[in-house]
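Below, each structure is written out as structure tokens.
First subunit A sits with subunit B, and in the next complex the same chain sits with subunit C.
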Partner chain A sequence: MHQLVRKSTAGTMESSDVFVELEPAGQIEIEIESVVYAQFGDAIENTVRDVLQKQGVTGARVRLHDRGALECVLRARVETAVRRGREER
Partner chain B sequence: MKNGKLLSGIAEAVRASGLRDGMTVSFHHHLRNGDYVLNMVLEAAAQQGIRDLTVNASSLFDTHLPLLGHIENGVVTGIETDYMSGALGAHISRGALKKPVVFRSHGGRPHDIVRGASPIDVAFIAAPTSDPMGNCTGKTGPSACGSLGYAFADALHAKTVVVVTDNLVPYPLQDWSIDETHVDYVVKVDQIGDPAGIVSGTTKITRDPVGLVMADTAARVIAASGLLKEGFSFQTGAGGASLAAARYLKDIMLREKIRGSFGLGGITGYMVDMLNEGCFETLLDVQCFDLKAVQSIRENPRHREISAMHYASPGARSAVVDSLDVVILGATEIDLDFNVNVHTDSQGRIMGGSGGHSDTAAGAKLAMIIAPLSRARLPIVTEHVTCVSTPGETIDVLVTQKGVAVNPRQKELAQRLRDAGLPVCGIDELKARAEAMTGVPRPIARGDRPVAEVLYRDGSHLDTIYNTL
Partner chain C sequence: MRRSMLFLPGNTPNILINGDALGADALIFDLEDAVSPDEKDSARILVRSAVSALGYAGCEIIVRINAVDTPYWREDLREIVPLKPSLIMPPKTSCAQDVLTVDAAIAGLEDELGMQRGTVRLIPLIETALGVENAYQIASACPRVAAIFLGGEDLTADLRCKRTREGAEIAYARSRMVCAARAAGVDVYDTPFTDVNDDEGLVLDAKTAKSLGFTGKAAISPRHVPGINEVFSPSLAEINYAYEVLEAIRLAKEQGRGAVALRGKMIDAPIVARARQTIEAAEQLGLGGDRA
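On to the complex of A and B.
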């Protein structure tokens, strides 16, 4: 599995979506800003860690701007950002 | 001839009104987010060194954010209202005001004013047109807002009444709403409000497919309820899905040639269309939401202005809500006992209020909540609502895009809906379905300082809203 080679993004700032920013880093660092942080902060972080692990990414700085995305949406957006971050130009 | 009602400006009016420390000053909200009058009056009061005022406004909007400065400076120390929009609500929720806000309903407010439980010292009544003696109306003028329904209780019962207008016409104004017998002073100002914020150009029907499914189901529920027949009466909100439901309902009424009796409420252009196409004999209008409604109330004698007492007061000998068949209402949350929250969001922040929610729910034969299963990952159905705005025993049915939950008290209604092939299920099933998609939200932590007290329409205590952390 390839590690990230460049910055990437996925998603939107629309309600019920999430905007994911990803960049290569030495380890996993996750920053979450969410309208449902009080209710789902931990769940969101666990989901992000799970997707990164499944994708074999061991180093990434992740920034989430969450507008209340369902878990399936969050998984899809993070996975897409990872794939984009791996592509060579 | 009695003269001298006409004053030259707001500052002079505040002085003439006798406004002093500790008094209660009132405003109506027909100019909505375009209102200038509340800010002008409080600014003048502040400049004259008046302190410790209670502001009683039928609703407050984000255009009234200067209130926060007056609270900080001690000019305003109390707020009583029926509704408060989000930006102001967020500050109040963090504890900006020491004394808890008093929330009433649109029916409870005039009830308490009339019976003296909520006395008003000075009412400042924004009037889009007035003559020099204070005969005034909202139907005409550059800042026309249509109905002045929420201002009547203030005009009739405040100790001193000041009409503030930007369109002074020669005596006598012919088509008045509030007459001169109640008015102490009249003030002419350049502008009472920003027309763009007073009424929407057009209120739009939703195009969101989830909203349309809910609206279609809502119309079918009404059709199956047994109430949709000759003489039918109806109120709906201005929200996208509620309007869409009204449109589907109109299709059914026209197709089946059902002639209703009256449409009630905050009136939009869609209700005007229903009047003009023969769905209703009359519109009873406590507040206009858009330009088409304003034009209609001005020109069509079958479109009548009503006072807030006539609309919804539980103390009136009777009010229109008591004759209402069906009302469609929204919710930020609804719980397993059908209690509804429209005061706060799911974080516990104030972002609304009853308006006529609990009044129409209590009066209508069928009180329907229409809401999606979840919004931004938060299920609509909760174990307990963050704030009880409308008691569950007055709510009959919840319509979502995935199913219809009927209050267990309404067994006959549930059977009628099942017979009509509607997807009836338990409210707990809707909660479970939402949580299967969203996950179970962690309960939010709240402070222990009351920031608002919610009164039911009869004046009894309904709930307390605590500060956000």
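On to the complex of A and C.
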């Protein structure tokens, strides 16, 4: 089962981390709040889309609160949120 | 050469991402005590992602999984074994069966992933009174065991005594662990020194561990890494003496002499073996000595 069934979160608001909020939606919608949005906003969005695609998620509303996370951290937090969003309570 | 092993909390990005800049020979990515139960999933995914992306060149990768009596350890292995870490550290290992349980699970994953069996080795963490008493059985449980590691904090709780700066309360456990490891032919690592601000205490503690025969020592703070590395590196005097020993042996053989003396002391097989170990360690660390 690939699609989300509930709201989920992952990560923290600590430095070098990112807090990810995820909920089921009809398509992919991404909202990014980041101190480095001007420089890396596109790269962050592409990374999120790539993780969702690899996880087989086609519909999700994603809100990111980025605290300067490296790409590997962003990938991990989005994947964690996806896995949590698939779990039935 | 693994002198220092530094613990990094598995769910803390700002510490994890700088792991390779902290000077430790090995990094222990901790999925156990440093991670709360509701973040176990998050930590194992973060560690997998960070190790895959960052590589941590120059550091050995060790992952401390959760204990076999928890619901987490199998999922830890499923996430971590594909990374081919040098070592996996199962905590609270109290008997050989604990090791064999983890060994079998890793073997199953190695088969599933097409990895050669035995690729991922083990460093069981011994931190209970029963574990100390079973140290040899644990160290020799299977060929996958590369080393054993003493955990002083949990052990002293189990022994119902206080952990002290001097460490008399773990003296027996330390000696028993070293003897068990050497009898089994594996390495042995000492417990971290937990007072982060006591640099002098750390060096004394590390010297004690080295004098007992430990291979190296773990640290919970990067601040302790340089002190541990220094204590567990051969000194210039030790390196030079090792070269003198080997040279004396070479000359004796050349001259057909059986007994060899150096600085008025007989050189026997254990001294030669120790000299070779010193030179091997020095070479690995790029420490030449005067004769290299």
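Definition applied: the second predicted complex is superposed on the first by the 88 of 89 C-alpha atoms of A that agree within 3 Å, B and C clash if a C-alpha of one lies under 4 Å from a C-alpha of the other, contacts with A are read in each partner's own complex, and residues count from 1 in each chain.
The rule we apply is simple: a residue touches a chain if its C-beta (ideal position, glycine included) is under 8 Å from a C-beta of that chain, and two chains touch if they have at least 3 such contacts.
Only a predicted model underlies this, so the values are computations on that prediction, with no experimental measurement involved.
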{"item": "Touching partner for A:A69 - first (subunit B), second (subunit C), both, neither", "value": "both"}
{"item": "Touching partner for A:E79 - first (subunit B), second (subunit C), both, neither", "value": "second"}
{"item": "Subunit A: partner with more touched residues, subunit B or subunit C", "value": "C"}
{"item": "Partner chain(s) touched by A:P24 [first = subunit B, second = subunit C, both, neither]", "value": "neither"}
{"item": "Which superposed partner A:Q39 touches (first subunit B, second subunit C, both, neither)", "value": "first"}
{"item": "Touched partner set for A:A10, first subunit B, second subunit C, both or neither", "value": "second"}
{"item": "Common interface positions of subunit A, toward subunit B and toward subunit C", "value": "15-16, 69-71"}
{"item": "Subunit C - residues contacting subunit A, complex", "value": "12-14, 17, 41-42, 45-46, 48-50, 52-54"}
{"item": "Interface residues, subunit A side, partner subunit C - complex", "value": "10-11, 14-17, 69-73, 75-77, 79-80, 83-84"}
{"item": "In the complex with subunit A, residue positions of subunit B that touch it", "value": "346-347, 375-378, 437-439, 441-442, 444-445"}
{"item": "For the subunit A and subunit B complex, residues of the former touching the latter", "value": "15-16, 35-36, 38-40, 42-43, 67-71"}
